[in-house]
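Structures for review follow.
Two complexes, one shared chain (chain A), two partners (chain B, chain C).
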Partner chain A sequence: MKIKVIVTPKNGVLDPQGKAIQQTLNSMNFIDVSEVRQGKYFEIETDLKDEKDAKKNVEDMCKKLLANLVIEDYKIL
Partner chain B sequence: MKSSVIIFPGSNCDRDMDVALKKFGFKNKMVWHNDNVIPKSDLVVLPGGFSYGDYLRCGSIAAKSNIINSVIEFANKGGLVIGICNGFQILIETGLVTGALLRNKYLKFICKNIFVKANKTHNKYFNKIKKDILELHIAHNDGNYFCSQDDLKSMQDNDQIAVRYCDSNGEISENSNPNGSIQNIAGVFNEKKNILGMMPHPERVIDNCLSSNDGSYFFENLLSNMK
Partner chain C sequence: MKIKVIVTPKNGVLDPQGKAIQQTLNSMNFIDVSEVRQGKYFEIETDLKDEKDAKKNVEDMCKKLLANLVIEDYKIL
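What follows is the complex of A and B.
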């Protein structure tokens, strides 16, 4: 089973890369873009058969390694 | 005094630190990250570099390595632990010091000498250094210190801000902030002040033939407090 996770910078945390992407998009005439936040995407292949168990396990992984909860939020898709 | 420098795959300031510690009189041992036990030490140093290629987040993989449990145990018993640059990032990822280190504000790798003011109250790292403004070296991509307002307040109340970027006159301002760190923070202590994490490299400036000799004061002061 594959579990997908998105990790993004928390609101209020400076995201210089997102800012640079936003400015570049603006300079490419995508003038509607007012903010970009850059995150990470993980696909985790697990041997667990039960989806609930697998997601619970991935949540533990997020807290312990995949995200730094001081600056990042995670979302299990 | 005995010290140990931990080597991770991708560490590159480990030997500079070894040279510096020996120069000032430490009996230093190099310790491989895969070992489980630190040799008997008075000081443990996590050196700078790019452990595990900075994968995931800088320091995050090294913070789960075999040796880290004994570093945490040593620190929790009051042992002196220093993390410089990537070592600071590793300390952050272990949770031994508070906060996070984000990408530099202007997205550039910064490699240059900077000036800092150190906190000399109630700690063994800077307490008797006579010079007020130290010229040290930084070389990092992710040194933009961040923490929550609550954490910042409790660290300020407890004197845990260890080092702040300033200009050559000692003025701490936006202009003397190289990387966007909140409050110009270049380094912090844990609550008990036995652990120091900082981005500047004292080990790179320990001789007059280098660009500064101010790192010498740091090592001399530390050693004088350990005798």
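What follows is the complex of A and C.
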């Protein structure tokens, strides 16, 4: 079973990489872009068969490894 | 309007970062994890009001800057 996770910088946390992408897009004539935030995306293939178990397990992985909860939020899709 | 994009390595393209995460998870006793693929996630805030226009514009950004189409796929959410 494949579980998908998105990890994003929390609101208020600076995201210099996103800012750089926004400025680059603006300079490429995408002048309507006012903000870009960049996060990470994971596809986790697990041998667990039960979706609820698998998602609970992935939540544990987020807390322990995938996300830094001080500055990042995670969302399991 | 906020448009969300996911950029992932194409099937068959090596993803050493995902592999490293998988091995780390396995060593942390998440032994059910058989594969991890890592991608990028973008939230793009645009001044365009029309969703169709905005998504078309973001698709253009993906092709020109956000994704390397030789090795990556993009998906506009």
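Just so we're on the same page, the second predicted complex is superposed on the first by the 77 of 77 C-alpha atoms of A that agree within 3 Å, B and C clash if a C-alpha of one lies under 4 Å from a C-alpha of the other, contacts with A are read in each partner's own complex, and residues count from 1 in each chain.
Following the convention adopted for this analysis, a contact is a pair of C-beta atoms (placed from the backbone, for glycine too) under 8 Å apart; a residue touches a chain by one contact, two chains touch by 3 or more.
None of these values were measured; they are calculated from a predicted model.
When the two complexes are overlaid on their common chain A, residue A:Leu66 makes contact with chain B and with chain C alike. Counting residues of chain A touched by each partner, chain B versus chain C, the larger count belongs to C. Residue contacts after overlaying the shared chain place A:Thr24 against chain C, while chain B stays out of touching range. Of the two partner chains placed by the overlay, only chain C lies in contact with A:Arg37; chain B stays clear of it.
By the touch criterion stated above, A:Val13 is placed in contact with chain B alone, chain C being left untouched. Applying the stated touch rule to the two superposed structures, the overlap between the chain B and chain C interfaces on chain A comprises residues 65-66. Of all residues in chain A, only 13-17, 20, 65-66, 68, 70-71 touch chain B in the complex they form. Interface of chain B with chain A (complex): residues 56-57, 60, 64, 93, 99-100, 102-107, 144, 146-148, 180. Interface residues of chain C facing chain A in the complex, by the touch rule stated above, are 6-8, 18, 21, 24-25, 28, 30, 32-48, 57, 60-61, 64-66.
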